[in-house]
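Two complexes follow with chain A in common, the first pairing it with chain B and the second with chain C.
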Partner chain A sequence: MSSMGQDLLLILPQIIVLLTAVAALIFEMLRRPTGSLMALAVGMLAAMGLSISRLGVEATAFSQTFRVDAFNHWSVIILCPASVLFALLARSELKGTGREGTVYSLLGFATLGSLLLAGSGDVMFIVLGLLMNSLSGFALAAYPKTDAATEGAMKYFIYGSVTSALMVFGLTYWVGTTGSTLLSALNNPGLQPLPVVFGLVALLVGIGYAASIFPFHFWTPDTFEGAPVSIAAYLSVIPKVGAIFALSQAMKELPVQLVNWPWLLAVLAVLTMTFGNVVALWQQNVVRLLAYSTIAQAGYFLLGVVAMQQSGLAVHSLIVFAVAYAVMNTGAFAVVLAHGTELKNFKGVGKQHPWTGVAMSIFLFSLVGIPPLAGFAGKFLLFGAAIDSEFTWLAVVAILNSAISLAVYLRIIMPMYYQPTMVISNTYSRLVSFVWIFCLLLTVMVGLGVQMFLF
Partner chain B sequence: MIATLLLAPLFACIAIYLFRKKADIIAIAGAFVSLSAAILLAFTVRQGGAVHIAVAGLPDMPFRLLADNTSVVFLVVVAVVAFCIFLYGQGYMADEKGKVWFWAGMCLFLASMQLLVLSGDWILFITGWELMGFASYLLIGTWHWKNSAQEGASKAFMLTRFTDMGLYIGAFVIILTTGTSQITDAPLQDISMPDISMLGALALLVAVMGKSAQVPFQSWLSGAMAGPTPVSALLHSATMVAAGAILLLRAFPLLPEASLLWIGAVGGITILLTGFTAIVSKDVKQMLAASTSSQLGFMLLAIGAGFPGAAFAHWVAHAFMKSSLFLGAGVFQHARDSTAFDTIGGVGKKLKISFAAFAIAGVALAGIPPFIGYWSKDGILAAGIDATPVVWYFPVAVIGAFFTAMYMGRAIRILWKGQAEINRIQKINWMRTGLVALVLVVAAGGLFLEPVVQFAAYEIPQNTMAQISGIAAALAGLAAGWLTNTVALIGKPVHFLQNNYQLSSGYQGLVAKPALQLAVWCDQADKYLHKAVLKTGGAFVGIAKLANIIDLFGNYCIGQAGKFGLRVGHLSRSTEEAGTDWIARLTSSVKSLGTYGKKLQTGMVHQELVWSVGGMVICIIILIFSIR
Partner chain C sequence: MDFPLLTSTIFLPLLGALAVLFIKPEKPVTAYTVGITAAALALLGAILIWIKGIDAGFSQLEEVSWIPSLGAAYRVGVDGINFPLVLLTTLLFFASLIFSTKIKEKARTYVALVLLLETACLGVFLALDILLFYVFFEVVLVGMYFIIAGWGHEHAKKAALTFFIYTLIGSLFLLLALLSLYIHTDPHTFDMRTFMAAPALKGLAAALTFWGFFLAFAIKTPLFPFHTWLPVAHTEAPAPGSALLAGVLLKLGAYGFIRFALQMTPNAFREYASIVMVIAVISALYGAFVALAQTDIKRMVAYTSVNHMGYLVFGLAVAAVADTEARTQALDGAVLQMVSHGVVTGALFLLVGSLQDRVKTREMSDISGLLHTAPVLSGLFIVAAFASLGLPGLAHFPAEFQIFLGGFSVYPVAVAFIIIGLLVTTGLYLRAIQKVFMGQQPEGLSSPGLSSPGLSSPGLTHYVDLKGYELWAIVPLILSILAIGLFPETLLSVIHETTKMLGL
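Take a look at the complex of A and B:
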């Protein structure tokens, strides 16, 4: 087989996702939104199945510009089913409106962007992935056409344009100093440090925007609050996982002797977690609270990236935490979609709807990192990776932060059980129930059987 | 069998939560199944040796369950105490609200404690530890419509969660040092294991101090008294606080020599301080809470002296004594609807059986032979004498024993003297059954304590001088307590003591305040920035600059026009009374336009982009300095 054919075969999961998104768009043109949804579900699950069967394959495609490695496989396995869950949540919110199919198709394209990010071996893929991700994101955030949604989307857009421009500008320094767009070209301790610094910080700006890392996170709360809950859930998972994986791909290469990047990332991690947790203490709106919590979780992700070169645990920990984060966060947003976005909507939920009450508590405790749930497994490995690479102080700060985060999440759990019922009755779609039950099972199972999720 | 032991209470918990009926019966059945499984397991282990089970877990660190001689003793003690408390709880909760909550929580609590005891690796140990913390949070909050219960629950949970940090760090250090997550199953023989670093040992000590309510983290125990009395009984005897001691016993072979001094010091300080709190407290439950800290201090002291066997024996004895005391206190509480000493004075004459049980357990705790407490306290005193490098362990232990006897003597006197009218108590027989069963163990257990400890592969140190001084201290203490005829002491220092040294309660000062302060600070910084940036305008940001200036200018115009219109409106309204309808309408429409424009603008993208760009510049500076 020709090398081109081989390359195409290697990126088959990504091609399937692209075709899926296109198919969803075609169904939308035929005004068959249900068809769009079916196409999305079938295509995404097919891509996931293909990637599962390929776990362990290590290769590069298109002269090293695209990496087929653990990050790539797992990004497909995590994000493709997640995008189907978001589509189901979105359907419960906009069934019957004119824009249903468009949303599914945009979800497909956005996921593709994240997959490209996760497998990027070349700065061009990072730029491309980030743009695909955010362009779809702007449209998704704006689709309800309310003031709040427009404002949030506008903010997301302005933020995205500025940071992407800065990133592209700074990355030219990398290309200029290495003479190549490949990330692996950075693995050369003889490079000029100053241009490398500019390129690195620019990359951090772009990635930091997508992953909501302090101080590039400011769009997050407003956009989440304005956007529909299903889209907020999407924004909290898909761009973040893609961006963090892309950052890891770059940091795998950058020599520590040249620029002391682990230290900078450690500082950013501390600031991100602390800021997210502390500000979340003040929020009255559950979506805003969860938005700040996703910022804090981005800080935990950075622990794995910090350990990228020194610890063998780093890749495992990032992947396990990404799985855990995707399921528990999606689940929490699904319950919010079912019960309302204000803290007062949660009063007495634990008594009226015992199952959703338990589910929400489990998602939140998993976000805190209480064993034996999925979040614990991920965080445990992340802390281990940080200690392993001699960043014990960072692990200590992270553990302290998880103690603070307990107070944040208790703010939702307390009214669920400790306050008299306020809700009269609310009905929500079966799809939402399906999503949270699915996430609940995974949150518990991932925590208990982490070993089976590794390779 | 292990599975039955763990799953029976867990399923009971789920069943109670789902059915919401017959909660007490399901719970007692679950506890009974768990108890029978524990006893069967103990016989299996005795005949066939330790049982290992490994299941999937983290990479290279499978979850291990381990039932060896030590852990089956823990298991049986926990199961027996829990079962008696469950029987008692059936009577206690008969007329109380919140039954479903209570029983579901108790079952979860039991299951997680058994998991902790059975865990054969550190990760499962953390799991059990955390689950128990969560269950205790639920249980203390059983009467969640009361403010004190909510506060106590949150305080206990946050504080223990905070100190759990130490357990996480300690577990990492252990795993990195020994290369395995397995808990060593032969405590005293395996000397070849490398010691963990001082940092790891101290981290573990912090976790123990939090869970076992040692100074300065003792204040959550007083708050936890807001829960129902069976909960306190369970929390304070064989579970929760006792988990801290289990942690130290499990980690003992790994601890470096130098850390033992720290452990002993923490134990010693706690014995004295909380013992004193117990002497002056005004409430029987508060007294018992302070006494728990103090007794756990004895265990730490014994471990610090290098005699885990003495700590183990005291752990077993304390589980039975403290649960009986709490159950007795619960009866008095029902009789008088209060636990304060000045209201329950004299109830002992009406409730003879309960009083006798309370008194036996109290005398046992004071350390009078032949009750179980004598044998274990004797071991700790002997450990204090034999601790070669440290001279002050023994005096501290003797003073502690004196304090213990003194507060028990005082409590017994208060309960006996005086006259009191009592309420009729429903279902008192259930309560008595549980209480009497436990007291029988307290009374007769002294004979079995030594064989049990030896079965668990530990030994109790013995010393004649310790025996004599122990009995002397106990008798002197009881006499002193009986003579101290003060229900309520007065004065500021006493108040400070009664509140369990609130000033020094570590958590408030160490975590809660700084965290809140930081939050306030962030909030203020944010507000300040809003103002500052609004004033300087969008002048910084290159790309968003133009759009922002136009936007800001437009907003400014709208705002000004709005204000102007408002002023016109006011003016016209005040000068001419009539004919200004159109101006008012115009004013209001402009005003709403202004707020609309402002609303679109409050995104403050320019402001936040300044932050981001500033952050970027700082990142560049940091990195330039780090270039080597």
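Take a look at the complex of A and C:
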């Protein structure tokens, strides 16, 4: 087979996702939103199945610009089904609105952006992936056309434009100094440090925006609050995982001798975790609270990136935490969609709806990192990776942060069980129930069966 | 393969919890029947483990693959150090569940949580894999949080939050220490036996790991100055909750000190033993003096826990530095102290619960002459109090005696100081007994059975002595206190086999 054919075969999962998004768009043009949803579900699950069958394959496509490695496979396996879950949540929330099918199509394109980020072996793919991600995100966030949604989307847009521009500008320094757009060209300790630092800072600005890393997180709470809950859930998972994987791909190459990036990232991790957790302590709106919690979780992700070159656990820890984060966070947002976005909506939920109460508690305890849940497995490996690469102090800070985060999440758990019920029994779509039950099972199973993710 | 006795004992309570949750019995009675049956079966399991025979090393091993890539597996086993704790745990949970039957509110959830807690505690003691240990250790936290918050007294929510966050910080440091053990062992494994057989850590890594363990278990045990969560949690928890908290949960910390700090980082422990010893002495004295200052009888009992745990950790510090003979003595004493404190304090908290139900107050100055109105309650309380202050013939004496005996060879001055603690606890218990049980019974209250509720003075209701369910819960504990005091050798022989083998 020709090398072109081989390359196309290697990126088949991404091609399937692209075709899925296009198919969803075509169904929307035919005014068949249900068809869009079905197309998305079928295509995404097919892509996931294909990537599962390819686990363990290590290759590059298109002259090393795209990497077919663990990050690539797992990004497909995690994000494709996640996008279907978000589509189901969106279906229950936005059913019957004017352009329902575009939501599914945009979710497909956004997911494709994250898949390109996760497999990027070239700065061009990072730029491309980030733009696909954020352009789809603007439209999704603005979808309801309310003032809050428009304001949130506007913030997301402006931050996105400025940070992307900065990133593209700074990355040209990398291209200039290495003479190549390949990330692997950076793996040369003889390079000039200054342009490399320029490029690194620019990359962090762009990635930091997509992954909500302090101090590039400013859009996060407002955009989440304004957007539909299902879109907030999407924004919290898909761009973040893609961006973190892209950062890992770049940091895999960057020599520590040129610039001490592990320290820089470690400092960012500390600021991000601490800021997210501490500010979340004061939130009254559950979506905002979860928005700050996703900022904090981005900080934990960085622990794995810091250890990228020094610990054998780093790749595993990032993948397991990404799986865990996707299921527990999606589950928590699904319960919010079911019960309301204010803290007071959660009063007495544990008595009225015992099972959603238990589910929400489990999602939140998993976010804290309490065993044997998924979040524990992820954090455990992340801490291990950090200690393994002699960043014990970072692991200590992360641990203190976990204790703060417990106080944050208990603010939701407490009223569920220990305050009198306020609302009359509310009903919600079966789709939402499906999503939280699915996430609940996975949150428990990923924690106990973490072995499945360690190859 | 043999019948998995250990695994069955660990998971029987959990099975009971699931049964209670899924059957959804309408009446609390059914929930309690299921719960008590499950706890009784677990107790039976513990006895069968004893009959099957406990060796010096780990025996009755059960192993199932879990995360082979990381070297973690489901491994459980029993030896002379964890077996007494398994026995204590099953006994105390059984007693507490019987005592709990008066809790009618949300009985189903309550029983399920208590049983979950029992599984987690047994898991902690029997686990031979540090990851498994940690999983159970944290589940204990979550279970206890919900019990305190859901069924506690006035300020229960705040107390539960303090308890949860405080001990979570501790267990997170434990996680770090465990990770450090894992990373510094080649090939990587989570098997405890590997770490104990050949403590691999050296230098700074060993020191940091040791202090990680110390912090985690000092919060859990608790030692001064990490004890501040304890009085709050104890005072607010429901009586059976306090009994479990003091009787079993504090032992998780003490057990961790032995298993991890002493057995896995022995050199670091030896190096810092004098610091640990000083902290232990301060805890013992501080606990005793603060208990003396309490007017609330439940807080008083809670602070005596700090005092007793001080003795225990003192014994461990001795074991870290002393020669073989003194080490074995101190360690035997420390392990027995865990069991003694479990049954004694468990009984005391249940009795305080009964007392509070009757007189509606815990202020000692408001109660007097209880011996006249509730003689059985008073009698049992006095026996348990005498045990707690270390009277020979009762449970604490053989334990504390051995700790001090072992300690005398290495820290004679410290022993002299720590014995002051014994004097203070004697004083405070005698004072409490005098105030609460002796003296005149309050006016307007005649002997049981003679007065009708209408005749009693305002604020004081007509007392009834211990009821059947309370007796069924408390009497077995009192009998254990006597048994340990009179025949300590029964348990000590099991403990001794293991402690004399430990070549630290």
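Quick note on the criterion: the second predicted complex is superposed on the first by the 455 of 455 C-alpha atoms of A that agree within 3 Å, B and C clash if a C-alpha of one lies under 4 Å from a C-alpha of the other, contacts with A are read in each partner's own complex, and residues count from 1 in each chain.
One rule holds in what follows: a contact is a pair of C-beta atoms (placed from the backbone, for glycine too) under 8 Å apart; a residue touches a chain by one contact, two chains touch by 3 or more.
Worth saying up front: this structure is predicted, and the values here are computed from it rather than measured.
**Q** Contact-wise, after the overlay, does A:P371 reach chain B, chain C, both or neither (first, second, both, neither)?
**A** A:P371: touches chain B and chain C.
**Q** Check the residue A:F62 against both partner chains and state whether it touches chain B (first), chain C (second), both, or neither.
**A** neither
**Q** Taking the superposition as given, does A:Y428 touch the first partner, chain B, the second, chain C, both, or neither?
**A** It touches nothing on chain B or chain C.
**Q** Per the contact definition in the header, classify A:F438: touching chain B only (first), chain C only (second), both, or neither.
**A** Neither partner.
**Q** By the touch definition at the top of the document, which applies to A:F380: first (chain B), second (chain C), both, or neither?
**A** Touch status of A:F380: both partners.
**Q** Under the stated touch criterion, name the partner, chain B or chain C, that contacts more residues in chain A.
**A** Partner with more touched residues of chain A: B.
**Q** Under the contact rule defined above, give the chain A residues that sit at the interface with chain B and also at the interface with chain C.
**A** Residues 365, 370-372, 376, 380, 383-384, 387-388, 392, 395-396, 399-400, 403, 406-407, 410, 414, 417-418, 450-451, 454, which sit in both footprints.
**Q** Which of the residues in chain C end up touching chain A in this complex?
**A** Where chain C meets chain A, its residues are 66-70, 131, 134-135, 138-139, 141-142, 146, 149-150, 157, 161, 164-165, 168-169, 172-173, 175-176, 179-180, 182-183, 208.
**Q** For the complex, give me every residue of chain A touching chain B.
**A** That would be residues 147, 151, 154-155, 158-159, 161-163, 165-166, 193-194, 197-198, 200-202, 204-205, 209, 214-216, 218-219, 222, 257-261, 263-264, 267-268, 274-275, 278-279, 281-282, 316, 354, 358, 365, 370-372, 376-377, 380-381, 383-384, 387-388, 392, 395-396, 399-400, 403-404, 406-407, 410, 414, 417-418, 448-452, 454 of chain A.
**Q** Can you name the residues of chain A that touch chain C in the complex?
**A** Spelled out, the residues of chain A in touch with chain C are 365, 368, 370-372, 376, 380, 383-384, 387-388, 392, 395-396, 399-400, 402-403, 406-407, 410, 414, 417-418, 450-451, 454-455.
**Q** Under the stated contact criterion, what part of chain B meets chain A in this complex?
**A** 17-18, 56-59, 62, 123, 126-127, 130-131, 134, 141, 144, 150, 154, 157-158, 161-162, 164-165, 168-169, 172, 175-176, 511, 515-516, 518-519, 522-523, 541, 543-544, 547, 599-600, 603, 605, 608-609, 611-612, 614-616, 619-620, 622-624, 626-628
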